[in-house]
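The two complexes that follow have subunit A in common; it is paired with subunit B in the first and with subunit C in the second.
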Partner chain A sequence: MAKARGTDGSLLESLPWTLFALVFSLVPHFQFLPWWISAAFIVCGIWRFSIEKRRRPIPPTWFRGALALLCFLGVLATYSTVSGVGPGSALLAIMAALKLLETLKRRDQFVLLFISIFLVMSSLLREQHLWSLPYLLVAVFLIMTAWLRISSAAGQKARRSFSTSGRLVMYAAPLAIAMWIFFPRIATPFWSVPMDTGTGTSGISDTMSPGDISSLSLSDAVAFRVEFKGEVPAPRDRYWRGLVLTVFNGRTWTGNDPFRGARVHEQVVNSGRPVEYTITLEPTRQQWVFALDMPWNWTLERTFMGRQQQLIRARPIDQRVAYEAVSYLDYRTDVDLTEFARSFYESIPTQSNQRTQELAKRMRNTAGSDAAFIEAVLMRFHEQEYYYTLEPPPLGNNSVDRFLFETRQGFCEHYASAFAVMMRAAGIPARVVLGYQGGEMNPMGGHLIVRQSDAHAWNEVWIEDIGWRRVDPTAAVAPERIEVGRSGSMFNGAGAAWGFDMPSVLLHRMTLYWDAMNATWNEWVLGYGPDNQDKLMKWLGMDDPDWRKMMLTMIAIVIGIVLLISLVLSLRYRPPKRDRAAILYKKFVRKTGIEPSTGETPATFAVRVDGESVMPAETVDAITSTYLDVRYGPPNPQALLRLESEVRNL
Partner chain B sequence: MQSGSTLEKLPIGKDSDRATLDRARKTLGTIILGKDGQIGLALSCLLARGHLLIEDLPGLGKTMLAQALARVLGLSFRRIQFTSDLLPADIVGVSVFRQEKGEFEFQPGPIFSQLILADEVNRATPKAQSALLESMEEYQVSVDGNTRALPDPFFVVATQNPADQIGTFPLPESQLDRFLMRLELGYPNEENERELITGEDRRSMLEDVEAIATADILLRLQKAAAGMHMSEPLVDYIQALVRQTRESPDIDIGLSPRGALALVAAAKAHAFVEHHSGVYPDDIQAVFTVIAGHRLKPAGNTTYRSAAELCQHVLDSVAIP
Partner chain C sequence: MSSIPWPFPKLGIKPALTNAANRRVRQWARKRQGIDSTVTRLRPRRVYILPTGVGLVFGLMVFAMLLGSMNYNNNLSFVLTFILAGLGFVAMHQCQRNLVGLELSFAGVEPVFAGQAAQFRVAITNHSKNARHGIRLYTDDSISELQDLMPGESKVFVLAVMTDKRGRIPLQRFGIRTLFPFELFHSWAWLHMDLSGLVYPHPADHTPPPPPTETAHGHRQHDARGEEDFAGLRKFHVGDSPRHVAWKAFARSGQLLSKQFSGADTSSQWFDFSDVPSDDVEQRLSILTSWIINADRTREDYGLRMPGAEFPPSHGETQRRQCLETIALFGLDGNDG
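For the complex of A and B:
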C-alpha cells in the first residue's frame, strides 16, 4: 500500500504570516498586473493553505513544471516580451504564487519572503508616491515579522514578534537615511529602467483632431506645479505654452519638425516685467517642455526653442524634472515673416470644409480689415448659439463645417481648430498652440497646481508689424473657463459623487493639503539628485564634494551608527546581578570586610557576620531581611528606599 | 537564620489559614522534638502536593512524624506495613462476591485515605511497591477494569530503612522520582533526647492532639503556596543548580526537568511555610538536598560519601545571583 504522503501540517503556524506578507507586498502591483495573474495568485494562496490544513500532498513535479511553463507563456502572450518592469513584476508575482505550491520547508518560506522584499522594492520602479514610503516600511515590517515567526521557537507570542521586528526596522532606519543622503548621486544613471512604452503616457498628444474624440476625460492628475518668485500672474494670463501645430489636412492638426530651431533671443523681443518661477513637471514620456507664454530663459538641460517658439527637450521627460524659467507676458515674435512662411501658415486643403472657407471669405470682405475680421469671428462664437461642452458629438469628415454649421458644440480644440481654419481661409497666418491654461493656487503650499484637466488649445494669428498674437476663441464662448479656470468648478458635488455627504469645500481643502504634502515630498525626497546633494554637502561643510568624499563619509557614518546602536544595546542590557538592590547589598558586604563564599545565602552570611561582631547584629539582620525582601520578593519600592537608607547609614 | 529559628519566633500569619498552618507546625514541634527544620520540610512537601519519603534507621520517629502529620492536619489516615508477602490487592482493595446480592462488591483497600503511611516500603516486592507508586502518580487506582479516584488531598508518606539492611528491595531511580522529597530525621540532640526519655509518652500525647487543620484548609494552603513569587534571579539560580548537577564530574545523572519543577514547587512551598515575601535563596538551598538527593546518580569514582554531601557540594559551587 502506498504510504500517505501529505504535508505534515507543520507550516500551519507560519504559513498564514508568510502568505500575508506576500500578498501585502503584491498589493501595489495589482493595478498594473493582468487580472489573471492576480487571480492565479489568490487561487494558489488558498490552494496551498488548504493543502496544509487538510494534510494533502502538494501537486506532483511534472504538474508544477507544466504550470510554470504555462504561466511563463501566459506572461509572454500578455506582454509579448519578458523584459521591462511590467512583464518582470508579472513574472515575479506568478512565480511567487507557483513557489507556494512547492513550499514544504522553512527554507522555501524564506525564499518566499525574499521574493516579497523584491516585489515591494520593484513597486517603486512604477510609482513613488508619498504613501509609498510608509507602505514600504509596513511591508518590510510585516516581512520581518513573518521571518521571525518562521525562525522563532513555536509558541512565541505574536506581540513579541511584532515588537522585535519593529525594533529591527527602527535600528535599520538611521542606516537607510544616512545611505540615502550620502550615497553619491550621479546625473545619468548607470542603468536605465526600461519603461513600458505606450502605457502611462499622459497629458497632451502631439496631434489634434477635434472630431475624433467624442468625450474628453477630465483627469485630475497633476501635470506640473509652479512656484512663482514674485507676483502670480492673473488667471487669464496663465497660458502655459507647449507645442505648436501648423499643418492641417482637413481633419487633423500636426506640428512640423521643431528641431530646426533658432535661438530664443533672435526670435523674441520682450518688454515689461519678467515673471520668474520654478516648474516641477511630472513625467510625460514626451519631449515637450511647458513654460509660461512667452519663455525667455530656462534651466532645463538640452532643451531648445523651436521655430514656432515651442520648447523641446532632446530626450523624453521620463522622470519628474524641476527647472527654473523666466517669461515675459508682453512680447513680440516673428515680426518679419517671409513670404514662404506666410503661405505656409495660410495653407489649408482647398477641397475640404468649403462652407467654412466661403463663410470666412465673406466675413473678411464685410469686415474690411484683418483686425475687424478677427473680432467678427470671435463675436460670432460669442453671440451665436455655440456651446462649450466636454462631450461633443463626433464630426466625421469636413469636421470644421459640421462643427460650425451643425453641431455647434465643442471644447477648446474645436474652437481653436475652426478659428485657425477661418483665419487661414481669409488669408491670415494662423496656428494652434497646445498647452495648459490657468491652474489653481494651493494656499497650503504656496504653489500653483496645473492639472491635466487644465489642458487647453488656443490660437496665434500673425498680424502685420505686430507679429504673432495670441487669440483664444474658447474665451469668446466660455469666458469663465479662462477667467476662473476649470479646476474650481470640478469639486462641486464631488463629495456626493463618492457617496458621502461631505461639504465640497472641505473635500477640496483636503485635496489641496494632500497636494501640498506631495509637492514637498517631490521637492525634498524624490527631487534629491546630484544638484541638491551637492548643495546639501556644501551646506554641511564639505568643500568641493566628490563621490569619494561622500562615499567615505557614508561609510564612516554607517560604521558610527552601527557602533552607536551596539553601544546603546549593550548599555541597555542589564544582567540581573546589576540591579539596584544587588549593588547596595554589595556595598554592605564590602563594609563588613568579610568575603561571602560561593553559594552562601545572605541569611547564612548574616549569621557569620554576626559571629564576627563587626557591626551590630540588628543592623546586619535588618539589611539582610530588607535585601531579601527587595531582591527576591514581589516588587516593593518602599523596601528599596528602606534598603538605601539602611546602607547609607552604615 | 534558618537553623536558628525557634517555634516561638514564628510570626503569626495574618489570615486564619496561615495561622492554622503555624499552629500545626508548632504542635508538631511539641511531639517531634528538635526537628523543626524537618517538620517545615515535611509541611512544605505536603503544600507542594508532593509525596514524602522518610529514610532513616528504625526508631528515629519516622512513623511518629507521619502519624502526627495526619492527626494535626485532620486527614484520614491509614498505615500499610510493607512486608515481603504484601500483595497489590492488600493495598488497593479487592472485589468480593456478595451471596445475598449476587454481585461483586468492591472492598476498598487502605489506599483510599487522605494520608497513607507506607511503612518500610522497601521491604515489599517490586510488584506491591509499584501498586502503591502507580496510584501516587495517577491519583487513581484501577481494580477489575474500574477506575476509582483517590481522595483529595492524597499524600503518601513512605518510610524506608537504608538500603544496606538485610531483606530489602531498593526502589529504582524511576520510582524514587515519584517522591517529591526524601527526608532523613537523624538522632535527636542530648537535650531533646533527655526530654523524650523523661517526658510524657509520645503515643499517648499523639492521641490527645486535636486536629488543627482540615482537608479544605490544606487545599487552600496548597493553592496559596503555588502562587508564591519567584524572582528572575532565582529562576537563574535554579537553572544554574540544575546545570551544575548535569555538568559536575561527580554526578552521572543530573536533575531532569521534572526535578527542576520539583525544586521550584518545593522552594515555593518552603518560602510560604517560612513566611518569606518571595522565594529566597535559603528556600532553594533548604529543599535542594531533599529534592535532589534521591534523584541524582553519583559517579562511581566520586569522593563524596553521601547524597547530602554531594548536594552540599553543588550548592557550594554555584554562586547565588
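For the complex of A and C:
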C-alpha cells in the first residue's frame, strides 16, 4: 500500500462544512490547549482542504504515523498524563487533525463529526456558563448540517441542508427537554476522574504568609451565592468561616492539626435564633466548605466538622455545589482547654519577631487582664498610625516586627497575623480563621453575592470561662471594610477604563442583573440534581417520586412526543388535495368498469370505452370533453357544475 | 456504498448463513406483500427500517455520553446527550416517511445483447408537498444513482442488470431505499413486479459470410436494393458504390449524392437456421444475430427462416425486432408474455 492515494475533489461539497463544525467545537478549547496543538489543527485543516481543491494525493502512511507518534509524545510531555479533561481534549483535537489528513472517502468524515461531538461534550465538562447552552445548540446544528452534507446527493444546495437540519433539531428539542427533566438524577458518581478544570480561582489558600505577595488581587469572581430563608444578617455579622490556621513558624501560618486521633472536640453551645440559608459554592478545587460562623447543620454530603469548627469535605469541590446550612450567630465554644492544647495555641518561635513579643508582654502587664489587653491591642491599631491598604510594602524575615513598627500598612492578613502573634506572646491562646466577610445583596435575585475579593482573615482568642471568641483586628483599622464590605466601592469609575464615562450605578445594576440570571441558571439548570428534581416532581403532582416513576413518565412522554412528530411528518408528506373534477372523473371511470392503462389520456380512454359499448357513446364523449374543459381550459365554474350533473345522471 | 444485500449485510461472518437468512426474509416479504402491479404506491406497512452501522456507532456514543453525564452530574452534557438521542428518534421517523407514499411505475426495458446490461427503467413520482431526498433503487448486484425528488416531481431511475445469456432476464424483485437524513437508519421496501427484459444472443465475433443474395433474375446483386427504378437521392455515405453517385448533381451543386433505387426486383436474402455453417445451436443463433445486425445496418432486406417460424424478407425496426426476438427465445419455454 505504498501507492499514494489521490483525491478527486468529491469531498469539496462536504469537507468545508465538516471543517467548520470541527473548528466550532474546538473554539472553547483554544484557550486551554497548548498553542502547538491549535496550530497543528489549523495547519492540517488548511492543508487537507488545499489537497482536495488541487486533487493531490494525501500524505503517505509513514508520514502520518510519524506525525501521530510525535503528537502523542507532545501531549505526554505537556501534560505528563493522558487522562482527564485537559489531555483528553488535546488528544481529541490531535486525532481530528490527523484523521483529516487520512480522510479520503466521503464517509470517513463521520469519524470527524463524532470527534467534534466529543469535543463539545468535553468543553461542557470543563466549563458551564450561561452561554454554554446556546453554544451547544449551535454546535449540534452545525454538526448535523455537516452530517447532512456528507450523506446527501451530489449537487444539493447548502441552504436546503441548513433548513433540514434546523427543522430536525427543532423536532428533537421537545424530546430532549422531556428526557432532561424526567431522566432520574443520581447523587453519587460511578467513578471519579481527575478534574483538571483549571478554574479554581479561590481567593483563599491553605496557608497565609503576610508580606510575601505585595498586593492582593481584587478578583470580583463569585465565590458563592447565599439565599437566606429569613432575615439577612447585618454585614458585620456575616463572617463566612472557612479554614483555621493554628501554627506559625515566624513567617507563615499553616493549618497543622496535632490532635489527629485524640478526642478533643470542642463543644459548641448555641443560643439565639438560627439562621437558615442555602449556599451555591463555585468550584474551588479545595476541601474547605464555607458557612456562616458558626455552622450547626449542613446538607453537603461527605462533609464533616474539623476540630476547630471548620467544615471539610472528603474530596475537593471541583464542581459547583449547593447545600443548605443552619448557623447560630451567638455561640459559645468549650470552656475547657487541655494543657496540651493550651500550649499548642500559645506557641510561637521565640527567635523571631522579638520586638513584637516584648511589646505584647509589656502591654499585657500594663493592662492587667486578658480582656483589657485585647482591647489595648485593638486600640493601638485604631489610634496609632496604621493603615489599611491592598498594596502594602513587602515585609522581610521578621515580618510581624517590620509590619508593626515600620511599615504599618497592610490588609486583613497582616493585622490577623500580628494580632495572633501578640496574643500568643502574651500567653493567650489564639488562632487565625480564613474565610469571607460581608457580601453584597443582589436585589434582583434576592440573594447575597460573596466574591473572591471578600476574602478575609480574622482571629479567635481563647478567654477563660468564655471560650473561643472572634476578634477582628481589621475592623479596628478599617471599620468600613466590615460595615460596608469591599464590593460596594468596586465599580467607581469603571467606565473610564473603556474611554467613556459610563454611569457607574448603571454599570453596577447591569452587573447585578447578569449575576441574578447566572444565579437562577445555576440553581435550576446547572444545579438540577436529585433535590431539585424531587421538588419539581412533587410540584408536578407526582407523589413520592422515585427513579422508577420518573423513568416510566419519561418513556411515556417520549413516546407521546414521537407519535406527535410522526403525525407532523405524515402531514408534511401527505399528497395535495385532489380537485373536485378529478374526483368526479374517477367516479365516472369506476362506473365504466374498465381499468385505464398507464399513460392513457382521457380521450383515448373514451375511444376504448366506446368500443366496449358499456354506456351510450354520447354520454362518454360529453363527460370526457367537459372534464378536459375543466381541467385544461380557462377557469369555468359552469363547466364544473355541468360535469357534476353529468356524472350524477349516469 | 454500503452493502446491498440488506437486512443482513456481509459482516464477514459465515456468508452461507447470511445468504440463507436473506433468502428467508425475502421469501417472507414476498409472501406477505404478494405480487405488485407495475404501478405501486408505497404504503407504510411495507416500508422496513433498521439502523445502519453508523447508526449503531451513534447509539453507542449517545449511551457512553449518557453514562458520562450521569457520572459528572453535568446538566449541560445531559442536554447534549438528549438532543442527540432525540435526533436519533426523529431521524428514524423521517427516514421511513421519506419513502412512504412514493409511486413507482415500471417504465420499460430495451432489449439488449447478451453480455450487455439490461437497463430497467422505473419512474418514481413524489405526489406529496415535500421533497424526498437521497432515493435510490437497488437489486442484488446493481444500484441506481442517488436522486432527490422535488414535490410533484417524477424521475426515472435506471437499474442496470448484467446479462450473460439470451432469453428473458427476470427482475423478480428490486428494492427502493434511503439513508436520509443522517445515514443513521436504512429504510427500504421490496417490490415484486415480476419484470423481465429481452436478451438477444451475443452476436458472433467471427461470422462466416452470409448466404449469397438472390434476385428474381438469378444473378448476384451488389446492393440489396433493386436497381430498376430510380427512387431518389440521398447523401453519399462511405461504402456507397461509385456507380450510384449522381455525378451530374455533383457537377451542379458540388455535393456528393447517391442514387437510390427501388422496384419489384428487390433482393430476397434469406437467413436460414438450418443453413448456418455450425453444429452448435447457440453458435448458429449467434451467427444469425450477427447477420441480421449487419443486414439491418446496411438496410438490406432480409428474411429469416427458423424451425416453426418464417419472416419474409423486409427491413426496418419491426423486422429486426421480430427476427431477433424469435432467435432470442428459440427453444426456450414459451411462458414468456
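Throughout what follows, the second predicted complex is superposed on the first by the 514 of 650 C-alpha atoms of A that agree within 3 Å, B and C clash if a C-alpha of one lies under 4 Å from a C-alpha of the other, contacts with A are read in each partner's own complex, and residues count from 1 in each chain.
Note that in this section a contact is a pair of C-beta atoms (placed from the backbone, for glycine too) under 8 Å apart; a residue touches a chain by one contact, two chains touch by 3 or more.
Not measured: the values here are computed from a predicted model.
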Thinking of the overlay built on chain A, is A:534 touched by subunit B (first), by subunit C (second), by both, or by neither? neither
Let me test your reading of the model: by the given contact rule, A:114 touches which partner, first (subunit B), second (subunit C), both or neither? second
After the superposition on A, what does A:148 contact: first (subunit B), second (subunit C), both or neither? second
Of the partners subunit B and subunit C, which touch A:346 in the superposed model: first, second, both, neither? neither
Look at A:171 in the shared chain and tell me whether it touches subunit B only, subunit C only, both, or neither; answer first, second, both or neither. second
Is A:632 touching anything from subunit B or subunit C once the two structures are fitted on A? First, second, both or neither. first
In the superposition, subunit B vs subunit C on subunit A residues touched: C
Across the two complexes, what residues of subunit A are contacted by subunit B and by subunit C? 576, 598
Per the touch rule above, subunit B residues touching subunit A in the complex are 1-4, 229, 231-234, 236, 276-282, 285, 315-321
Considering only the defined contacts, which subunit A positions touch subunit B in the complex? 576-577, 597-604, 606-607, 624, 628-629, 631-634, 636
Once bound in the complex, which stretches of subunit A touch subunit C? 107, 110, 114, 117-118, 120-121, 124-125, 128, 132-133, 136-137, 140, 144, 147-148, 150-154, 156, 160, 164-165, 168-169, 171-177, 179-180, 183, 185-187, 189-191, 193, 319, 525-529, 558, 562, 565-566, 569-570, 572-576, 598
Give every residue of subunit C touching subunit A within the complex, in rising order. 38-39, 54, 57-58, 61, 65, 67-68, 70-80, 82-87, 89-91, 93-94, 97, 100-101, 105, 127-131, 133-134, 146-148, 152, 179-183
